[in-house]
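Both complexes shown next keep chain A, but they swap its partner, so chain B is in the first and chain C is in the second.
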Partner chain A sequence: MKKLSMPAKIYLIIVFVILYAPIFYLIYYSFNSGGSMHDFESFTLEHYRAVFEDSRLLVILINTVIIALLSGLISTIIGTLGAIGIFSIKRRNIRNILLSLNNILIVSPDVVIGASFLILFTMIGVKLGFASVLISHIAFSIPIVVLMVLPKLLEMNPNLIDAAQDLGATRRDVLYRVIIPYIKPGIFAGFFMALTYSLDDFAVTFFVTGNGFSTLSVEIYSIARVGISLTINALSGIIFVVTVLIVIGYYFVTRRTKFANGGIGRL
Partner chain B sequence: MKSLINLSIAILLVCAGLYFIAEKLEPSGGKGSKDTITIYNWGDYIDPKLLKKFTKETGIKVIYETFDSNEAMLTKIQQGGTTYDIAVPSEYTIEMMIEKDLLYPIDHSKIPNLKYIDPYYLDLPFDPGNKYSIPYFWGTVGIVFNPNLLSKPLTFESWNDLWDPSLKNKVFLVDSAREVMGMSLNSMGESLNAKDDKLLQKATEKLIKLSPNIKGVIGDEIIPMMENNEAAVAITWSGSAADMMAENEELDYAVPKEGSNLWFDNFVIPKTAKNIEGAHKFINFMLDPENAAQNAEYVGYSTPNKAALKLMDPEIANDERFYPPEEIKNRLEVYENLGLEWLGKYNEYFLEFKMSIK
Partner chain C sequence: MGNTIIQFENVSKSYDDGTVVLKNINFELEKGKFYTLLGPSGCGKTTILRIIAGFTAPSSGNVYFNGKKINNVPAHQRQVNTVFQDYALFPHLNVFENVAFGLRIKKMKEKEIQERVREALKFVNLEGFENREISEMSGGQRQRVAIARAIVNNPEVILLDEPLSALDLKLRYEMQYELRELQQRLGKTFVFVTHDQEEALAMSDEIFVINDGQIQQSGSPVDIYDEPINRFVADFIGESNIVEGIMLEDYKVQFAGKVFDCVDKGMKPNEKVDVVIRPEDLEITSVDKGKLVVTVDTQLFRGVHYELSTYDKDGNEWLVHSLKKAEVGEEIGLYFEPEAIHVMRLNETEEEFDKRLESYGVSENA
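Right after this comes the complex of A and B.
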């Protein structure tokens, strides 16, 4: 790799500072004993203690994580199958139409999706709560998974499938032993994208929460009405650290699969 | 393939584990059943200890959820799909909910503690006879100011102090047509429910003269901004003022003598409620003087419970800024439902004023 020139380095540093400064500002004040976002008085962990003492907030945090994991998992399964389905359609027109329909869901505003889910759920009589939030999160994550998996399928050498079939593999074997291992990095990417989308979604969730079930983004919004308390800072700090850990984990997972792929590529 | 399946199982196990922890922390119980009630309240608007006490006394579990605006709450209840047993809307929303037939009439015989509520706060135009709602907290619209940031010692005993030239670019207004138009009408000694085009025009003209003093017309951000001394003066609700004063001790609050708005947040039982018996019990529990006093000290808003006032710290209970004396109280007015046409006019005039701010 070529070494970066001096202006390029400075530019890069400035960009990263702008991107990360607000987060570090927030975390910095989570240690403030003064109780507000100005005038740092002295170091304290009391706000972190407050997070762990507020059982309602913890339950909401856990709910958020459960929703993110489950919706990520289910939407990854459905989305991967969908991507394989779109991939296997030979007629170009139909494939493009399906892809566009998929993309429309990604670009359409969250508010519209959320409002339409609310209307749908109340019409068919689904009680707002865990199920409604889970279903809507799965729904808005599927198109993203499709979009992450499809390029992997397209870059796969079609001869691989032919070769497998020549060697006597059934269609099932081809799917399980050739296609899925090849697109695994795409599946992982899709899962992690779905996870983050679900974790930080506000607009859709706002419409479909109810009956005592809430997620973190909606709850923080309700609390912020009377000014952000530093407990939220502390909570955000914890989430930020966890996110960094997930990203590091993701990095190691993908590095491993990349090596594995290298092996397949050489075959 | 195998690793993917393993990973999926691992995720499911993690979810199960987390669910187990959540159940341990706060058992949810059977939702909408006889032994739980679901409460839908503003964020940070109740002492959480009281919820635990209620469960202990009655055995009814409380599921607590918060909202951030009357409109959001109204949508959730109107759409259905929810089973809130108790909600706490403001008075104009209660009026709308009664009109839309969303509320369950309250059985006063099940709320003996109603006798502790000061009759001054009962039987008001938005809910005659308190058929559908029971007062929870009330407040006024007034002026928050920081005496240290004023170049001239104003007391804000009159709304007209706001027009003082020394306040150039120092005033925040809350972004709400009825509050601001009402303030201008009050300053001229008129009713804030005025339905007279000429009067409204005059009020707007008066407001436009105020525009050099306006620093901003903002929403809930007004609270952190006043705490951080971004401006010297703000017009806002007494509840927000109490929040600000808790954070920034330099601030003071005044309700001008010309009169102002009297607002309420009341308990209601939505039609969608599943545990109406429990909802009555909860309302009665919250009206108990001891509980009401504890709650009022936690939340910092004004309680309508006269027996609770006697139990409270006299410094709070005798604070004339939040419990104004009789002569000011007599000039407070509750917003009347103006009807769509006049509400539209208020909004138009307010917009005209906002456009004059540079």
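Right after this comes the complex of A and C.
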């Protein structure tokens, strides 16, 4: 790779400083005993203790994680099957139509998706709360999983399927012994993407959550509206660290399986 | 015939968009022989292989395996295994598991799997490679893994789809010996697809020359090389000089403005024919002793021999393989025996051709 020139380096540094400064500013003051986001008085972990002592907040944290894991798991299963379905369609135009329908769901604004889910749930009478949040998270994660898995299917040598059948494999054997092992990196990538999308979703969740059920992003928003509390800083710090860990985990999983394509950016 | 393992009966194949790939193919393959389907790319040879394997269904006609019709038997129930052109090894499995794949599908006992995989790997000289990943294997080694994966299932027939085309020249030569030897040790029927006439001639018991979805000619390598049925086969198999001529009467053929003795007969008087003389049957001599007089246009050194491109005064090109050197621009004589002349009737079917050859007895051997 070409070495970066000096102005390019400076530009990159400035961009990343601007992008990361607010987060580090936030985390920096989460250690401030002064209780405000100016005048750093002395180092304290009090705000972090406050987070872990606030049982309501912990319940919300657990809710968020459960929603993320469940929606990630279910959307990965449905999305993978969907990708295999799209892959096995021989008619090119039908395949393209399905893929476009899938992509539209990814690019359409969260507000629209959230509002439409709210209307749907109230119409068919689903109680707003855990179920509605889970269902909507599964729904917006499926297209992402499809998009992560499909390239792996397309890059697979179609002779592998013939070869497996040639060696006596039934359709079921082909699926479990050849296709799924081959696309496993894509499935993992899809799962991690779904996980992060679910963890940090605010807009959709905000619409479909009801009384007594909340996720972290919605809760932080409502605390922030009431007034400044460094508990939010501490909580944000924890979420940031967890996110970084997930990214590192994703990196190792994909590197181990030689998945070179990387993830897609947020749209 | 009790020895027939695969039979094609009027098999045709066309696709939805109207392209016809195979036109009325008929043949019988016997147990334990090495067959080669030879033809240029797009001639339909791979389609024949895919029909035997069960990946493609014929549009019409029947396919028999051991006397039973197998048109509707799915690929995974056929006693046939394929070695693919790109090997199609499973990248997520190591060498051992690739070879064991078919046995695991059959739910064989672990101990037997171990035994048979080891035996198969020994057969292809890959002992000790069990735990290697496919990505760590060279092209030639992958090729052997693919063969081991096919033979471990003990199939009646092994299909090979241009398995040598991805290898470099030296390895390709080695593998020709190995494949032939392997086939003889196993005693299985091999059906080998290739566009390389050298491979076909070197390894086969019988060759089917295919062009344009039809079998042009079938026979032993020697038969096909010495007695090609038409211009296409003569041109495709080996180097050849093909000129138009007229069969004046039995044993007399006229081409290049002269009348020559030959060993062919059975044509109508003054019938138009194609005449083939192989470059190695032409011998350089002095102008006065030559049956043909030509001018040397170019000369290439091919290692074992010189390859001369020469032209007679009618403008016909004569390719000569000679151990002797000539000078470019020089006029030379070309000498050949009457047996070197092979006369082909235009649009003769294989049946008519065989019948005519039989009528000569053993006379023709160029």
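Just so it is clear, the second predicted complex is superposed on the first by the 249 of 267 C-alpha atoms of A that agree within 3 Å, B and C clash if a C-alpha of one lies under 4 Å from a C-alpha of the other, contacts with A are read in each partner's own complex, and residues count from 1 in each chain.
In this text, a residue touches a chain if its C-beta (ideal position, glycine included) is under 8 Å from a C-beta of that chain, and two chains touch if they have at least 3 such contacts.
The shown structure was predicted, so the numbers you read here are calculated from the model rather than taken from an experiment.
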Side-by-side fit of chain B and chain C on chain A, or clash: fit
Which superposed partner A:132 touches (first chain B, second chain C, both, neither): first
Contacts of A:155 with chain B and chain C, given as first, second, both or neither: neither
Per-residue touch tally on chain A - higher for chain B or for chain C: B
Partner chain(s) touched by A:121 [first = chain B, second = chain C, both, neither]: first
Which of chain B and chain C A:177 touches, first, second, both or neither: both
Touching partner for A:53 - first (chain B), second (chain C), both, neither: neither
After the two structures are overlaid on chain A, angle v-u-w for chain B, chain A, chain C in degrees (C-alpha centres, nearest 10): 160
Which of chain B and chain C A:41 touches, first, second, both or neither: neither
Partner chain(s) touched by A:167 [first = chain B, second = chain C, both, neither]: second
Overlay on chain A, chain C to chain B nearest C-alpha distance, Å: 11
Residues of chain A that lie at the interface with chain B and also at the interface with chain C: 177, 181, 184
Of chain A, residues touching chain C in the complex: 157, 159-160, 162-170, 173, 177-178, 181-182, 184
Chain B residues within the chain A interface of the complex: 1, 4, 8, 11-12, 14-15, 18-19, 21-22, 25-26, 28, 31-32, 38, 42-44, 48, 63-69, 72, 76, 79-84, 220, 223-224, 227-228, 240, 243, 247
Parts of chain A lying in touch with chain B, wherever the complex brings them together: 35-38, 55-56, 58-59, 62-63, 65-66, 69-70, 72-73, 77, 118-119, 121-122, 125-129, 132, 176-177, 180-181, 184, 187, 206, 209-214, 219, 221-228
Chain C residues touching chain A - in the complex, by the definition given at the top: 53-55, 74-77, 80-82, 84-86, 88-93, 101-102, 104-106, 149, 153
